[in-house]
Amino acid sequence: MEQLMIELNPQTTQPVVQVKNLAKAYGSNVVLRDVSLSVAEGSVTAMIGPSGAGKSTVLRCMNLLEQPDSGEIVIDGHCINAGKKTSPKSLAALRRSAGMVFQHFNLFPHMTVLRNVSLPQERVLGCSREQANEKSMELLKRMGLADKADQYPSRCSGGQQQRIAIARALALGPRVMLFDEPTSALDPEVGVEVLEVMKELASTGMTMVVVTHEMAFAENVADELVVMADGGIIEKGHPGQILKDPQHERTRRFLRAVLER
Amino acid sequence: MNNLVDVAIEYGPTLLGGLKVSLTLTILSLALGLPIGLLFSFGVTAKNKAFRYISVFFVEVGRGAPALVLLQLMYYGLPNANITLSSMASACLALTWTTAAYSAELIRGGMQSVPSGEIEGSHALGMSYRDCLRFVVIPQGLRIALPSLMGFAVLLFQATSLAYSVAVPELMSQAYSIGSSTFQYLPVFIVAGLLYAAISIPATWLSVGAERLLSRHL
Amino acid sequence: MEMLKAIAIGLPLTVLVTILALMIGTVVALPIVAGLRSRNRLIWLMSRGLVDLLRGIPPVVWLFILYYGISIGAVRLSALQAGVLGLGVVAAAYLAEIFRGAISAVPKGQWEASSALGFHRATVWTRIVGPQTARAAIPAYTTFAIGLLKDSSIASTIGVSEIVFMSSQYARQSGSGILVFFVAAGIYILLSVPLGLLSRHLDIKMRKAVAR
């Protein structure tokens, strides 16, 4: 019921993520210029664009893995201003509200799957080991990985590792999940497992921002499509609309290249 | 050849006694030097200037100077500063210095080869800097460094043979005194050498095995 | 100043012992590497055993064996000969391992491509595998050379009057041990700086030559 309302009326809900006038340069290389974005509660935003457009950088700025030069980021009410110094406390709060999934999983290879998912709960949320393990097992079951709990990540396939990484991020109860090309390092066949999990996650009302090259996912699952090129957002709107009738020449060129493969 | 066996039987106990001293010296130097090495591994890149300069001094001199110089410095040099140590204590101090200096570099190298993605992962999960060090960087860094630390331990064990020059009654010095009183230099040194090899060679295999074992989850 | 002079008298012998031992080590290492790569089990086993034995016994023991233990007829090796020879053969074992590692670091595809192109074995070694091996071995080789520079001090134990020998002597005479040994340490550190720089220079040059 709640979901239905969100879908019908995305405008009325308060955005979970707001990015205002984000800019970032590496030395003289301007990577982001004036990027603004807002993500409604329960919505899925897909971000596409050519390599080097700055998609990863936007995502990494959102939880301050990368320090933006200017702009403002608000996630779930925690506000971070690039101009001001961030206190460790507000940084921790911001990172707790945003879960991140990387292209290369970044699991901890020296810990079992279960420890990978439990340790952050213990250290960041202060859960007891029992509480954490219980939650982890629940999530691993949901990911279809209950039997892998005592294995080491290297013993798991790429698709499994990525689902473990998703479980690890979800275990901290984030308000928004950020995905940076979660399937790019995977065989197409294995990528499907991960996409299924993400689809299920979207259907439970999780707010998601997904950088992806999976056009089918962008079209069928996303509520909002953002097209980036040369450090800026050149187009955003309803995915079906944009894919059918792109307004910008750069978008058209990109879509042609992607779809003709 | 007969000579060798005779010497081994006659002087075996004395030489084994010396070997025990060599091993004790090795273990003491490792036990003291490794924790200091871990400390220095952070020190050489620390923001605190005093900490950094002290670490860099001890690491660079400890690695740059021959062990023999450090040994003599501690035994013949320190008395000038009115610090007189027993030969065992000064040898231990010198080899601890060597251990700390080398292990600092080996541990630092290990920690640097922890993939940055994993460190990023822990930041993205909101783990604190200290937790990231404690649960991700240090355990993996040590594990990556372990085989080379074990290799270093073998070299350290061999370096204890230089402690004979500061009158520590270890294997080499026992062999030398037997040799100079009996003039059976060759067989005595060969037996001593074989005793060193009997420890060093298996220990080297162990470090190679450790390398294989530890790269299992990577 | 007087102290520095007294210590520096040992400098030429330190350098000489290091260079000679490195040369002996490099040359002797080559047949050992061949043995370590041999398909003949016996040859392999003997080379392996030799390397393990040479590395398993501390250099000072080798030096003592050569200096006090060996006499050919009535002739004994001089301290310098024993020092250079002892350090040289131990170096050969370590260098053989370094070279072996560097050779096996050359990707298998390089051998396959060379065979596919019909190169002679000699051509493969001189033009394809050799340069890539040299490139891969340089960092470890220079690190070893710096280690050998310090290990040359072990020759002082059999009376080669190099830096450490001169330092101990001066320390005993003058009774200012602490400073003497710090100066000696400083000389070794200074000597290893140019070697480190040379290594970096060669590394960069080779990187350009064997661009990967």
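Going by the order they are written in, the chains are A, B and C; count residues from 1 in each one.
In this text, a residue touches a chain if its C-beta (ideal position, glycine included) is under 8 Å from a C-beta of that chain, and two chains touch if they have at least 3 such contacts.
Just so we're clear, the structure is a prediction, and the values are computed from it rather than from any experiment.
S.K.: Going by C-alpha centroids, which chain is farthest from subunit B? Tell me that one.
M.R.: Between subunit B and the rest, the longest centre separation is with A.
S.K.: Report the chain closest to the protein's overall CA mean, measuring from each chain's own CA mean.
M.R.: Of all chains shown, the one whose C-alpha centre lies nearest the global C-alpha mean is B.
S.K.: For subunit B and subunit C, let me know how many angstrom lie between their CA-based centres, rounded off.
M.R.: 20
S.K.: Centre to centre, by mean C-alpha position, how many angstrom separate subunit A and subunit C?
M.R.: Going by mean C-alpha positions, subunit A sits 54 Å from subunit C.
S.K.: Which integer distance in Å separates the CA centroid of subunit A from that of subunit B?
M.R.: 47
S.K.: Which residues of subunit A touch subunit B in their complex?
M.R.: Listed in rising order, the residues of subunit A that touch subunit B are 63, 65, 88, 92, 95-96, 98-100, 102, 104, 106-110, 119-120, 123-124, 152-154, 165, 168-169, 172.
S.K.: What residues of subunit C sit close enough to touch subunit B in their complex?
M.R.: 52-53, 55-62, 64-65, 68-70, 150-151, 153-154, 156-157, 164, 167-168, 171-172, 175-182, 184-185, 188-189, 192
S.K.: Can you name the residues of subunit B that touch subunit A in the complex?
M.R.: Residues of subunit B touching subunit A: 115, 117-118, 120-128, 131, 135-136, 139-140, 143, 216-218.
S.K.: Along subunit B, where are the residues that touch subunit C in the complex?
M.R.: Listed in rising order, the residues are 60-61, 64-70, 72-73, 76-81, 158-159, 161-162, 164-165, 172, 175-176, 179, 185-186, 189-190, 192-194, 196-197, 200-201, 204.
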